[in-house]
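Notes follow the structure.
Each chain carries a letter (A, B, C, D, E and F) given by its place in the written order, and its residues are counted from 1.
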């Protein structure tokens, strides 16, 4: 159960309704999902989060699906239950295949293992990796 | 400073030298980087990690660069100093552009923010997201 | 379901009953909450944790509500389901307003985003920040 | 060493200079700190992050110092080296006393311990905590 | 609900059935647990994970129970719901006593507290700790 | 650099000197390590942490070395630089062999990988694992 109320469209302020309408139009859905209903308790956070998400997730040098897969990777590492479910669903909706998903999971697992090993051994960073920022 | 010795090629056992040779050949480098020198204290972990990495990171349904960017995302969320440096360098070596990198960072940041918000509010997962596994 | 039994008052040893009584008296509640019933499987941890919590959470230079909000912030970042629920409830019981709660959430989200960005870019710490400990 | 270049004012684009000027004016500092110089590689992220930070960190129902202390708490739990240093310095600049800081640290430590214990034992959330969202 | 289907033995490919058979034989169980049914969507990950787990968890310089307790400690710190349950059960099956379990929990809690404190204060590592790798 | 001053014995209050003396006597060392010098800025936290550590880390159903290895595992998963160094050194001082250390690292790595995989796939906990608490 949420620690906040889920604000339904019919009970929302004009300010919130505006953002909800934008979300519904942009995503072509009948109702916004629970994340937005939860954020709606603070209209400023609702608007800021929606606008930031639109800016960040729009296709650019990286396509929309790649961005969703990166979102999943971070959500898994941060262990966010809601986000794992919602962004895995979003990635499938954007055309992720089962094989792509399985490879994504394998990379997440592998990275987690070598992250732990490198952290445990306090491996010193090789100078060629440190120097890279200058050469880019 | 590492909590383990960095095993140099000339001091390595035959078993370790074999893996080092494979890494050098595969990656076309003169010397292996410190992660492998650290793992070489346990030849079984060295071999297993190298073989797993090759299997997981080979291009498949996801290309090599996408996999590197996912690796970076996980390494940032897990806060692995060494891995952030080495995989950011690896991604640039595989052709990641500055714009792609900047978009990758923006997605990682955004995901971290909404992860925290969704976790804090304990947002209940919408049924349409939960139902997805059946429909795939 | 818990990985331990929840020790009920009537089944508890004298040692455990004493701590339970202290908690009930201090908090003016009829029964202790599940965290304490879980800890009661190890009376030494139960007593130590209760005494430490009393020492740490008593109003001092920071008031009780500020301490609860910091507790929520850490629990969210550590993703502790139980603690998010119990300390959010505790903060409301200590007078946190909805607006305060919403601002708390916004700060937690914002911090998580910039934490990820700074970690990803390995931003070098400015010398004026490093020097601070000396000047305090 | 950073994985990005630190963009200096004199080398910055007009877009970046504008944000840098805003930061310097708002904070009354001669130069922006490294976090902003790092973000400046992506002007959109620079602007968005600065504006979000201003919105979130302005005094409201919570005062500026309380917000800084919450920021520290999250940064510690997320283990962000840069953020721990910069926000600890910021909190002292905003008037945090040594005693407040020490109490903040004690709460962060205590929360981390009980977070781990509650997570390990999978303590079921008491119904009175779950019911709270309705009653607020 | 899982984000993947749970592959049942009767629906599995020959490749998957082989691994399932190995697991059942090695552990002397009638059916594999849900983790393996989930991994079975990617036969390569299923096989690699099972073989790695066998190699890593076999008794060696550390006995099987000690390894399970370390597994629990990591799973708690990483907050993996499934893993906490499965490895706590596995440790009890391998003979962990209630007192051992309670002491394990106390160490996990204590470590989490001092981890947070040391991270918050950015305590510089004493030179005698750094020098150790050379002397081993 | 630390965010706090390191309190040296000669500058310490009587209260702090008492705890420092206890640490030096118990561990048979000439000076306390930096963690304690950092905590000494808050004598109450210094005393509480030292006493809790003694209680938790004393040999019991688990021996001192096993406890140190669990401490390392948690410190790695929490990514605490200082703690990884100090507890790895402590474990070697208590007799941990190189082979034990290498096996510890392998378990930490493996657990981190399967933690991520189980979290990503939201694997439902098998009923036999959930039922265990009752049967113990």
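The definition used in the following text is that a residue touches a chain if its C-beta (ideal position, glycine included) is under 8 Å from a C-beta of that chain, and two chains touch if they have at least 3 such contacts.
The structure displayed is predicted, hence computed values, not measured ones.
Averaging C-alpha coordinates per chain and comparing to chain E, the farthest chain turns out to be D. Separating the centre of chain B from that of chain D, both taken as means of CA atoms, is a distance of 27 Å. One simple way to say how far apart two chains are is to compare their mean CA positions; for chain B and chain E this gives 20 Å. In chain B, the residues that touch at least two other chains are 1-4, 44-45, 49, 52, 74, 76-81, 84-85, 88, 98, 102-103, 105-106, 108-117, 119-122, 130, 132, 136. In terms of which chains touch, the assembly is arranged so that all chains touch all other chains. On chain B, the positions that touch chain F within their shared complex are 3-4, 41-42, 44-45, 49, 74, 78-80. Across the complex, chain B is touched by residues 1-5, 44, 48, 52, 55, 130-134, 136 of chain E.
Against chain A, in their complex, chain C makes its touches with residues 79, 84-85, 88, 98, 101-103, 105-106, 109, 116. Residue ranges of chain E in contact with chain D, taken from their complex: 72, 76-77, 79, 81, 84-85, 105, 108-117, 119-122. The touching residues of chain B, when paired with chain A in their complex, are 1-4, 6, 33-35, 38-39, 45, 49, 52-53, 56-57, 60-62, 66-67, 69-71, 73-83, 85-89, 92, 97-100, 102-104, 106-126, 128-130, 132, 136.
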